[in-house]
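Comments concern the structure below.
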Amino acid sequence: MDIERLNKILAVFEGEQGGLISILQRVQEEFGYLPEVALYSIANFLKLSPSQVFSVATFYDHFYLTRRGDHLVSVCQGTACHVLGARDILETAEKCLGIKTGQTTPDYKYSLKRVACLGSCALAPVVILDDQVHSRMTVRKVKKLLTEDLDRTDPQT
Amino acid sequence: MADEGATVLTAAQDAGIYIPALCHCPDVSSQGVCRLCLVRIEGRRRPEPACRTIIEEGMVVFTDDPEIERLRRVILELILSDHDFNCLLCPKSGQCRLQELVNRIGFDEHRFSRLEHTAKDLPIDTSNPFFDFNPNKCVQCTICVRTCHEIAGIDAIDMAYRSDNLRVSTFANKPLKDSVCVSCGECMERCPVGALIPKKFKHPTREVKTTCPYCGVGCGLYLGIRGNTIVRARGDDESPVNHGGLCVRGRFGYDFVNSPDRLSLPLMRAYDEYAQPSSVVEMNEEGRPITLPLVKREGKFVEITWDQAIRYVASSLAHYKGDEIAAISSARCTNEENYLFQKFTRVALETNNIDHCARL
Amino acid sequence: MKKSISIPSIKNYRIDSVESLRRLREILVAGEQTTGKFVNVCCGSGCISSGSEHVREAFVSGIKGHELEDEIKVKKTGCHGFCERGPIVVVGPKNIFYQHVTKEDVPEIISETLLEDRVVERLLYEDPVTGQKCLHENDIPFYRKQKRIVLKNCGLIDPTSIEDYIKVDGFQALAKILSHMTPEEVIGEIKLSGLRGRGGAGFPTGIKWETARNASGEEKYIICNGDEGDPGAFMDRSVMEGDPYSVIEGMMIAGYAVGASQGIIYVRAEYPLAVHHLSTAIAQVTDLGLLGRNIMESGFDFEIKIVKGAGAFVCGEETALIASIEGKSGRPKPKPPFPAIQGLWGKPTVINNVETMANVSRIILNGHEWYSGIGTPTDKGTKIFSLVGKVRNVGLVEVEMGTTLREIIFDIGGGIQGGKRFKAVQTGGPSGGCIPEELLDLPVGYESLAKAGSIMGSGGMLVMDEDTCVVNIARYFLDFARNESCGQCTPCRLGTKQMFKILQDITRGKGRPGDIEILLELSDAVKHGSICGLGMTVPNPVLSTIRYFRKEYEEHILEGRCRALVCRSLIFYRIKDYRCKACLKCLQACPVDAIIGAKWQVHEIDQSKCIKCGTCMQVCPPRFSAVECVTGLIEGSGDKSE
Amino acid sequence: MAGLAASFGSGAMTNSINEISEAACIFAIGTNTTANHPIIGRQVTRAVQKGARLIVADPRRIPLCRLADIWLRLRPGTDIALINGIMRVIIEENLMDTAFIEERCEDYEAFEASIMEHDLAAAEKITGVSAQDIVRAARMYGSIAPATILYTLGITEHSHGTDNVRALANLALLTGNIGRPSTGVNPLRGQNNVQGACDMGALPNVYTGYQEVENEEVRIKFERAWNCKLSPSNGLKMTEMFDAAHEGRIKALYLKGEDPVVTDADTTFIEKAISHLELFIVQDIFLTETARLADVVLPAASFAEKDGTFTNTERRVQRIRKAIEPRGNSRPDWMIICDIARSMGVEGFDFDNTQEIFEEMRVLTPSYSGINYERIEKSGIQWPCPDNEHPGTPYLYSERFNTSSGRAKFAPVSYRPSAETTSHEYPFILITRRSAFHYHAVMTHKAEGFDELRKEERIEIHPTDAATLEIQDGEVIKVSSRRGSVKAKANITEVVPAGVVCMTFNFAETRTNILTNRALDPVAKTPEFKVCAVKIEREESAYITKDYIRWGTGKS
């Protein structure tokens, strides 16, 4: 991991009170996840114990302690999406990508996660692929979305 | 009359009234997470945890009514459903607070049997040489975490993850040995269940109050003795120095007393490794042993009797006086021994060449 | 995304007095195009995902093509609430409301409406009941019964343009209090208005402010809670995205009243657009001199920063939210001490949610009499609901307190989709409960909903039809609750888990007699034994469904029947051989190849392979309707999924 | 100790352990408190948790740095420059306690003049600590009361250790942070009874209770009590003894319970000095490295096998009690000494138990005279305790200092470089420390479990230095000073600053003190353990294992 890059991020937060979560967010933005070394340095920087930083990093859903895929597929499991069949959407996504929810494909191309609610209830069920909201999803649309994209980004498979 | 600022729990305990509690530990702040000490307080909407509720003038507390009873039972059943309660194999059995609570509160057989037994099957952390951590027996009372923070000030562990994945964890789930844990064992002392347990545990048959022999802090402690062996040490709660706390050395560092490497008989260097000790200490008329002078690093040590040793030392010391001789005392010995040794040096050896390793 | 949008017209303008604010407003109003022609493209999150950005771009380039860019202004606005119909475009001067606009429609709108002043009929909303086309927003039944106070600027102003906000009386309330009112008077005004917290518990806002004002301490904080975690609720998102200035103004008024000089907006990280609009707005307001030191020469200092959440529902709870801002795990603390006395960094802190904050400037500007005249004697003002589920018009609705559920669901929401039967409505998200058909005439209000076993909550409103299984819904919410429990107290951590397991058993046909009683006992323990508001309320979905739909639970447990045909273990699909025309459609569509058959050979479902996804039923041509779904006969029901 | 005695009149912790948690400001310099005095470390932690400010001065990133408001990462051996810099800021910003200085101190003017000689830029240059941080620390210590100073060997184990201590004493006096609860200058004693050994007169220049050997009145008192003639002149300090042995002036040495061959600086020299002795008697509980060189080894009983008292770092006299029978034929030290004395025909060594010894001692020792076994049965008493009714003294100097004038003395001290500085050949500074898991070199290694926690020496080296030398983490490297070399595994860590390496002396397999410098403090004669110049080389050969040298009876 690039310590220089990390220290640059940390320098911005110098003297700020209670910045742990913002720092974790920034570091994750930079590295895609929270490498152990980074957590350790953050603890040192904030004069926290590493276990306390670990506690916070594992409490929140948004933090990843392992490397994620290049593309993030989030399937909303909010109420509105649920009653309109979000579970089938998620299962289909799992099948398409060949991984379980919360996992990353071995080639680090895709990560799949469930989210509680994206607030796009009027468009339910929704799937978010790399910040792009796909609304009124059906099993078929998911299949198309994920397989097509797979083909596009990786012609070998 | 209870003290001002006391909690309902401590006031009740002082008055001899039982309120069950699992996550309460008098040495650390109250968290009120186990919810077993819930009591009903007149005029309040919801049951309140006794361990966090400060008593007030004229407060009416019901420690036990059918509703509270049922609440406690359900909560206890929930804890049990998540606990590896193979008590027969648990070293804590008999001193386990969970067992005690089950005995006092009881549980509803029918309901309990409907709950899914969800105790995890996580690996037991045996990396620490003095104690083991079994997360499957952990009841998430957080006493160890509070202890590590408030008493030890180390913060080697904290509560990580959330929901029913909540668990006591070191940084990155590493084994305790690879964490910043200093093995002081304060958490182990306070764990109410069998999650943090000493590796080898023998019940002492008697205890002796004494002072820790390690650093200059001089913590008060009780040595637990079984036969002629030290089997445990615990901090003396009444000591004004450590108030019951101990560090890793003070709590676990007593095997050296029983070490097989301890010297047992006086040793003396002799030319001939087959030399008979008795021949070594024959004195000539001047009082010097016949074997003297010894040539350094060629002789071997042989064991001699105390009698021989004392006579030998006394006679050989008698040859040096004043500036020729020096004595080094020990910062590890008692005051009495240091007093005696300096007196010995000054009186018997007739010199002020006495010092010890006082580096401060 | 750009961090800040420059405002050429008012660049370098600094508002240092009430007078200069008035002057700026005059300049801005005078500067409006005389033609009055404009195109407002909704760029709320909903419409953006339906492609409104492309629509906007098409307008911009189209208008440029006609060299009309000086005459016709293209503006992006916040959410109209009718997200279902997005992208929404409003074309002025006649405020014609076009829905489902695609970029292909743009040239036609330009040439017809903007140039020729003709209406493009096909893009108008058609009342499904009367079949009538609606020209304006207010003609649409969805809007007709609403009373938009909080949402009044949403869809009207460009949420990244402070000029727009100033034109619609922006910061007038702030100017009023800074020049004419003492903090005590502000608090008095809010108290008299009867405003209660819109985040769930409904605590009177004025009293909260007063407590914090009277609490000792030099430093105090105002926190705006934008951690809208309830699944199925998105009103705060719309307000933050569509009218961020109102939130900021509300916080400033709160700051003045309480004696705080620092404000923090805590926004869910799932709402990037809200974060973007808020930070743009804060930068603009600061540039104008309305945030900072000595605002409008009043001696009042205030600054606002944004803190992003990190994905924990429980952080919507006040004390957990504070812990999160302090950089800790969001584990709630027992109250008292209340945040108003001892909050962020131990200092007195007022926490109000977004909708509450957005109400404040309206009350100050129009007076408490005006506000308390809206609603019912016990519940004042309006409430925004996010109407979702099996209702026809999905979206955000703001209604007067006391409006009945029936009016909301049927008059505004247009009833149930696909002509199905209404079954229940779930309000308040994971903390709320299900309200059955017989209580549809219940007027919405804090107490009335509580009495019905639900809560107002943040305003989620999930409409269920006969195809929705209430046990499944209860299971869904418990699954959510157990995942989102912070885990610190036993009843919530383990109680929700066991409740979930039992509900899961029931939906899988493994329920046992007596389960309902155990669920009730566990609910009781979680409700009364937990530390925080989350634990206290999460059994509500179970308690209310048992209260009103006990029969359905019993059917699941005793008969293995799911009448809504939702619980997969209790249903199976079969092909009626006498209707099957062996068209191969279902056979090809089946994702697990569970359908046996061939051309000219009637199809049959291999129950051992079937995962009950229902695809076969969907693809079977309606004229055949050969696939049926049955329940109650636990034959061949597997346990493969759930 | 000499430093404190010169400034205040007594060499001891001025305040009590329990007072630390009540301090509003703590200045911890040269002390890795949480590791070496964990229980005191907890007091510091508690103070910080209660809102106290903490200033840490240490070249290493010690665990306390995590709690510190200010961490002054000074270059090893530059303490005086730092402390003087802090004092300069305090004087310049008028944060000193003028009333206290006037009423209770003397020699201030010369001191102030000496402080003003060097400006902050000089301090920054020498210490490597930014002037800004020095100012922050000065303001914090100077304006928040009560403030307490904690230090250990990081201050004293230098060739200018006494000056270091006097500088700290000056700092406390300047701000009036002495003679009140939770203030003071507090050396945390390393060994359990180092305080007691000093109190009991196991020193060449004083009898019990610091009564001077060269004071005739005192000598006569002791001659009367002991019924003998006593030498009127000061004896040799331990380090001088080895010099004398090396030169043949000392021919016989009786050593009890110490292991200088491992723990003293420049152990090669020590071994050589010992080899010159005609008679070398060692009394210990283990066959230590030093004992292996002896002519006679007398097996002593451990603390658990005898009665007596220890005096802890806060001057508290506490009981130890016999818990078990001595192992084998080992015997308590006091019995051995009595037997030898009697065998030599010397009078005054007829004691049946330790209480009798204590009684004889307290009569002769004013500061102990009010202490007896009955009174310390439950918990100890802090000296001075002049009579049986006196409750003991939690903090010293509330009324007067123990100097002849009753006033504390300011002493101008100025920075001198360490005796050994880095050179082209020896480019690194080696600092030595103790591990949190071990205690010197023997006891904990004999207790099960401790070796699992830290089984071998690990030389701490900064990543940049490791990269330059192409050293991998865990690789065995060779550290050499002008006196010798040792090998151990490298531990690449940012705990140490670049240019500095750090080792413990807790492992007999890695005799760190072969490297250290015997440059002595001119007053206390303490060697410069903390700073010496070394070079680092990669060592691809042997992987050192525990079995390389075995402790014990030597049978294996």
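Read from first to last, the chains carry the letters A, B, C and D; within each, the first residue is number 1.
As a working rule, a contact is a pair of C-beta atoms (placed from the backbone, for glycine too) under 8 Å apart; a residue touches a chain by one contact, two chains touch by 3 or more.
In this text, all values refer to a predicted model and were calculated from it rather than measured experimentally.
Here B-C and B-D are compared, and the pair linked by more C-beta contacts is B-D.
Averaging Cα coordinates per chain places chain B and chain C 56 Å apart. Per-chain CA centroids place chain A at a distance of 23 Å from chain C. The centroid of the Cα atoms in chain A and the matching centroid in chain D are 53 Å apart. For chain A, the set of residues that touch two or more other chains comprises 48-49, 55, 59. Within chain C, contacts with two or more other chains are made by residues 312, 329, 483-484, 486.
Residue positions 154, 159, 161-162, 180 of chain B each touch two or more of the other chains. Taken as a contact graph, the chains fit none of the simple arrangements: neither line, ring, star nor complete graph.
Chain contact summary for the complex, chain A toward chain C: residues 17-22, 24-25, 46, 55-56, 59-63, 77-80, 82-84, 88, 91-92, 95, 115-124, 126, 131-135, 139. Per the touch definition, chain B reaches chain D in the complex via residues 128-130, 150-154, 177, 180, 182-184, 199, 208-220, 223, 225, 228-230, 238-242, 245-250, 252-269, 293-294, 296-297, 301, 306, 309-320, 322-360. Residue ranges on chain A touching chain D, taken from their complex, read 44, 47-49. Of all the residues in chain C, the ones that touch chain A in their complex are 45-46, 48-50, 83-84, 86, 228-234, 237, 268-272, 307-313, 324-331, 345, 386, 388-390, 394-396, 426, 429, 460, 462, 464, 468, 473, 476-477, 480, 483-484, 486, 591, 613-615, 641.
Contact residues of chain C toward chain B in the complex are 312, 314, 329, 334, 482-491, 493-495, 497-498, 501-502, 512, 514-515, 518, 521-522, 524-525, 528-531, 536.
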